[in-house]
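Common to both upcoming complexes is subunit A, partnered first by subunit B, then by subunit C.
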Partner chain A sequence: MTKKKSFLDFVSENRFIHILLSILLGFLVGAIFLAIMGLSVGEAYGRLISSVTSLKGFSYVVVYAIPYIVVGLSVAFSFKTGVFNIGAEGQFVVGSMAAAVVGILAGNLPKPLLIPLCFLAAMAAGAIWGVIVGFLKTRWGINEVLSMIMFNWIAFYLSNFIAGIPAIHSDGTAEATKNISSNASTLLSKDLINRLGLAPTANWGILVAVVMTLLVWFIIEKTTLGYELKAVGYNKFAAEYGGIHVNRSILTALAISGALAGLGGALQLMGMGSRISVFSSQEGFGFAGIVVALIGCSNPFGVFIAGIFYGALMYGGSKLNLVGAPTQLINVIVGTVVFFIAISVIFENLKYLKKKAKAPVKPAAPAAEKEGEQK
Partner chain B sequence: MTNFINNFGIILYATLIYTTPLLYAALGSCFSEVSGVVNIGIEGMMTAGAFTGTVVAYFTGNPWIGFLCGGLAGAFFGMLHAIATVNLGADQTIAGTAINMLGPGIVIMIAKVMFNSTDTIPLEASMKIPRLFRGVFDTATVFGRFMDNVFANYASTYLVFLAVLIVWFVFYKTRFGLRLRACGEHPQACETLGINVLRMRFLCVCISGFLAGLGGACVTMAISTQFRPISIVGQGFIAIAAVIFGKFRPQGALLGCLLFGFCSGLKVVLGGSSGVNMQLISMIPYVVTVIVLILFVGKSRVPSANGKPFVKSK
Partner chain C sequence: MSKQYVDMSTPVIEMRNIVKKFGDFVANDGINLTVHKGEIHAILGENGAGKSTLMNQLYGLLKPTSGDILVNGKKIEMNNPRDAIDAGIGMVHQHFMLVQPFTVTENIVLGTEPTKGVKLDMATARKNVVEISERYGLSIDPDAKIEDISVGMQQRVEILKALYRGADILILDEPTSSLTPQEIVELIDIMHNLVKDGKSIIIITHKLKEIKESADFCTIIRMGKYIDTVDVDEVDENDLASMMVGRKVTFVVDKPAQEPGEVVLDVKDLHCKDYRGVEIVKGLNLQVRRGEIVGIAGIDGNGQTELVEVITGLRKGVSGQVLVNGVDVFNKSPAFGFDHGVSSIPADRQKHGLVLDFSIEDNLILQNYGEEPFSQKAILKRDPIFSHASDSIEKYDIRPRNSEKRPAGTLSGGNQQKVIIAREVQNDKDLLIAVNPTRGLDVGAIEYVHKYIVDQRNKGKAVLLVSFELDEIMSLSDIIDVIFDGQIVSSIPGSEANENDLGLMMAGGKQA
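For the complex of A and B:
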């Protein structure tokens, strides 16, 4: 009996277990939908797993995951500092476009110069996009969620507009920009890719993602800046009383968050896309970043793992139609996972299961008290 | 002059067309936010309504049953959001994000299974929401054409303006509305006065989903004739923006939506006639919103208890 109790306690107190349970439940709901549609659950999930576990498949997953990780870090950083960066989408778009412009117009520069220049341009563009919103908030008190939604769309149309400028626009018939110079590409050499049998878009952007993960962790946990930003996130009045410039903190947080999202755009472009199309609707990388940050509990290392997981779902999901299952199933699974993460309080209450069985007279009382204490 | 009047008529027509779905969703958002629950899942609820509305209308042949079912589909996702945020005290942003993935995910998957395509089959004219006053005005004259453009609109447009009036009345002239607003400002005080805050919020989030679903249904049953994955792209978020813009009041949301609809209408006319780049013209509504915010609106006061889960005290 005591062993079982401690197990339930363990389950109900461990955040990591909650995430795992949520993921399991997500797949369970996905399986129910598959069964309702009369499709084989084993076949669909088997396909999902087999398509991401081969070396080539996994290299695809990593390539997919790069922008998700970096944008996830951007959103996680904003969560830590008390701002909800729903504008990561726009910052991603302007970052990606800035990298494209540099990668096309300065294409003759040597690789060691051009690549950092593209990264810097993207980060600067993303940071500016974030700071504008921060400025609107600190100067005129304009709600940041509102202005971020507006700036996402402004970024979207701006990108489409720039893609149409003759110096940037593709020479061919494609509704897209020119391809960026090969000097700006982060792809691994053809030789290496063929020798190892990797995905054709395998690139070393993942190293940048690793560095950024460590950097974000370092800033949040080990620097005065991170401490100040977190303090503002927890309680901005207390932070202000403690001598922290709240407005400056908000601007810094949005600049860093924006720079990360912009970098995500550059990595996606330089490793995978190599040009930007004229889109008819938003691509949703910012939205994916929010999901990744949530699954990763806003912890940089958690975000890294969550990004790989999300990349695996997206790549594996794109193969689902081969077995006749709709690829949208992935969105249902991810949505369910996020939903259960949101209500993970139900897992916290698991430990009362046994007590309930023991004392069925007043089952809910301890659960409610516990809940009250937490809030 | 004739040309100008014609164009002006078209702008007003487009304004009304674009305003309608936004306004339904914005009214929904008002219900939820004013009662103290952040509802970022409006977009997902609209998508659910958009799909359900057009599919039910297709199979029953009756647009009104479809319209209502669109609302109910939105309400279903509203209920999910309510269970998570009101009953289980979930983080409201996270739950809303989940709804935004689940809503489109589920309906597009169902579309794929039912129609073997992500698009639904287009509705016939008789299955669409009817246009009132069609043929009342003599379109041969300039004035008649203007009137036809402006007033011969889909019935859903008239309904939504009626709905604004009703919501305004409910919010500010009824006991229910007073309680609703109080729940968003000071739920603890409400509880001591014997108001069931949890039930109140639950109901409001469901209503919010219902209205968002109606908004989605307008898109697929009036503006266009079928559901496609890109039917609802960002309207839900624009509706939320309109509510913040309107300082969380239904009449303010009306202004926000009209401003947005008007700029979109302008886009339609300018895009057809002038040589200005279409992408830049499409940017107008968003830029104008930001400028209007800076110049005229300024700070938006969020209901005090908005976003905070309410835990009933013992």
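For the complex of A and C:
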């Protein structure tokens, strides 16, 4: 059919446009709230933009974005393979705690040895956290969403417990662990930071994020492993019929997803935090990862960009109070963006209603007839 | 049909020169249709010929681009189904539109519930429903929930729903596509009861046998064009098929005589349970040799589904042996069976056969993505995968062409089936299991599928065919095994089979 495409067709068929539109709508809703509060929209958004576009500002954004990207990859990977890793939060927590334990107890090891060791420990911890849930699912059919939420809390209290162990706990009065060894830190050298005028927490974790993005893309698109995992994600019955071991695939997917989330925890700790506080509430990196995966359409490169965007909102948002706007405004914007992305159905329905008003046709009919024409 | 109820002087439906365009595409190109009081009129055409488009215009779901629709001699403009219902037209769609947790009565009266003041009057509703169901011999349980009754019963509820709304003209869209042979016989009885009472029925179908058995007249549509309207008594199935497809269709499959070779599949004393935990395969024995097609005939629910699931490794059995070339694949994984020579065309093509979101090229390598040339050292090789798909699309006539990268879900049912057949036949295993391989396909596509199955046999492969279509079993099988109550009760050469004897054996009536 050579019919001219309507705007709605365009939006619903093009994920990228749909997401841009959702983002614009998010800012629009944010603007409405600003206007209601009697604040200048231009000033607030101007501040948001100017705070992330300077070199120093942008280096902050990148630092913020590192864990979001990696956890976003974790969730996106799980989406692609048919499990919903809502447990990235817990995997993030155990990952960062594992990295902290290694970074504190094995602090005398040289940097080239200690840093990979911390990464490995974090990935292993995250993977184990994911696999336990996968095992409960494949062995006894326990819904992974429920057990993951529980495991998020188990990770939370486990982390607080470990932080209280004397060998780990801070020597001072702080309710936190000791600082990790400087050999476990991924910070750029003070010298370099000062010379370039970057954020004091600038670290090369972003390189790990880039590598992980490429790696996840490669696994999903180029390997037989990715083929298997996707087949199980799209249709586990056909995958099983085709000879793929479904349970093993689910466990593998959760292990990889968990390892990524755990790595996110290590990158956050080794680049920014350098110690883990006793939590009073969940920090929400895992949930941010879900948002980032959604905005990034579960595409690894999309997730990378979405992670930077999310980092920019978080960092820029923290500067909003300088112009008298509440920092919670960012949550309103993010919430709205996710809302519009999640209800992509609305665009579909609008399109359908419009079509129905013109000619009440069952959507499948013309396509089916088209087939006939070619016979 | 004897046309004893047809009143040729009273046309109830006249569609004149109907043209329907979607953009540049002409779905209906000058179609004429006349249906009389008391007539059963079949609309015949291949998948996508424009049958449903025509009926959707009669039911007010689509508006014709040009042409007139007359109901009872009066020109009527139909803007929506409401107008059609008011004009006495009812339609039963191929996919039923029932509320699953509601009772039969609640579904039938939905939207036109009798009330007492502001309260629903379900007692009256139930009485009315029982009344019309008795009048037309459509027995149903008015208090059963839809989710608990069979597909055939659900169809009756749909018909009653239309009658309850005062329909005199019923449109049935592919009414037999999901029915068992028994239910089809019952449906034809019901249709006869309805025309006896002065109703008119239009059935959309591509099943020739049912047209012969039920219809008075038949209008044939091919690629959107009106071909002819014929008196069903004056044509045979071959005539109908040629008019529908536009070429000569052979129903007789060309099958050279050949001596079967050694045993490939040997099922010994197999026991297994169904999903409820009830034993359904009860000590079944079965053999398939090289170069022969063994057809399993049986009424649904006698264990054939579970038998295939056990052989293919999808279901765990209780006891027994499933030897494939001497290797026991009983209670092993589907991958193990595949590695030892089992390939299969599954009954549910969308659930087991294809990953609908995967492209056609990816679906074609579902079992051998891990082998060369499709991958090397766990890395997929896109070029060989693509050229494999191009070859298969060409060789197996998968339409549209150049669809290597298209998701399988965008193909029509017949072409989805061709993708599965292309994959399974090219796997070239010693045993091919085909379950209802032509369900829902039109005669043109059926011809292709049958040809490929027979080709495998001719190449010396063992083929196990399970089908609810007796005609298919009879025309393809070298040996017909009748399954009843979880056992093979008789085994006869395909050439000696006739429908009546098979029917009796399938019902457990006689053992050969």
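Please note the rule applied: the second predicted complex is superposed on the first by the 332 of 375 C-alpha atoms of A that agree within 3 Å, B and C clash if a C-alpha of one lies under 4 Å from a C-alpha of the other, contacts with A are read in each partner's own complex, and residues count from 1 in each chain.
Here is the rule we use: contacts are C-beta pairs under 8 Å (C-beta built on N, C-alpha and C of every residue); 3 or more make two chains touch, one makes a residue touch a chain.
Bear in mind that the values here come from a model prediction, so they are computed numbers and not experimental data.
Asker: Report for A:Tyr234: first if it touches subunit B alone, second if subunit C alone, otherwise both or neither.
Answerer: Second partner only.
Asker: Is A:Ile290 in contact with subunit B, with subunit C, with both, or with neither (first, second, both, neither)?
Answerer: first
Asker: For A:Leu225, using the defined touch cut-off, is the partner it touches subunit B, subunit C, both, or neither? Pick first, second, both or neither.
Answerer: second
Asker: Which partner reaches more residues of subunit A, subunit B or subunit C?
Answerer: The larger set of subunit A residues in touch belongs to B.
Asker: Please work out whether A:Leu267 is in contact with subunit B alone, subunit C alone, both, or neither, and reply first, second, both or neither.
Answerer: After superposition on chain A, A:Leu267 lies in contact with neither partner.
Asker: One more residue to check, A:Gly243. First (subunit B), second (subunit C), both or neither?
Answerer: A:Gly243 contacts subunit C only, not subunit B.
Asker: Return the residues of subunit A at which the contacts from subunit B and from subunit C coincide.
Answerer: Overlap of subunit B and subunit C footprints on subunit A: residues 368-369, 371-372, 375.
Asker: In their shared complex, at which residues does subunit B touch subunit A?
Answerer: Spelled out, the residues of subunit B in touch with subunit A are 40, 80, 83-85, 88-91, 93-95, 97-106, 108-109, 112-113, 118, 230, 233-234, 237-238, 240-241, 244-245, 277, 279-280, 282-283, 286-287, 289-290, 293-294, 298-300, 302, 309, 311-314.
Asker: Which stretch or stretches of subunit C touch subunit A in the complex?
Answerer: 22-25, 27, 46-50, 52-53, 56, 61-63, 80, 223-224, 312, 314, 333-335, 338-339, 344, 346, 351-358, 362, 366-367, 369-370, 375, 378-380, 399-400, 410, 412, 415, 444
Asker: Within the complex, which stretch of subunit A touches subunit B?
Answerer: Per the touch definition, subunit A meets subunit B at residues 33, 37, 84, 86, 136, 140-143, 145-147, 149-154, 157-158, 160-161, 164, 280-282, 287, 290-291, 294, 326, 328-332, 334-336, 338-339, 341-343, 345-346, 368-369, 371-372, 375.
Asker: Would you pull the subunit A residues touching subunit C in the complex into a rising list?
Answerer: Touch residues, subunit A against subunit C: 1-3, 222-228, 230-231, 234-235, 237-245, 359-362, 365-375.
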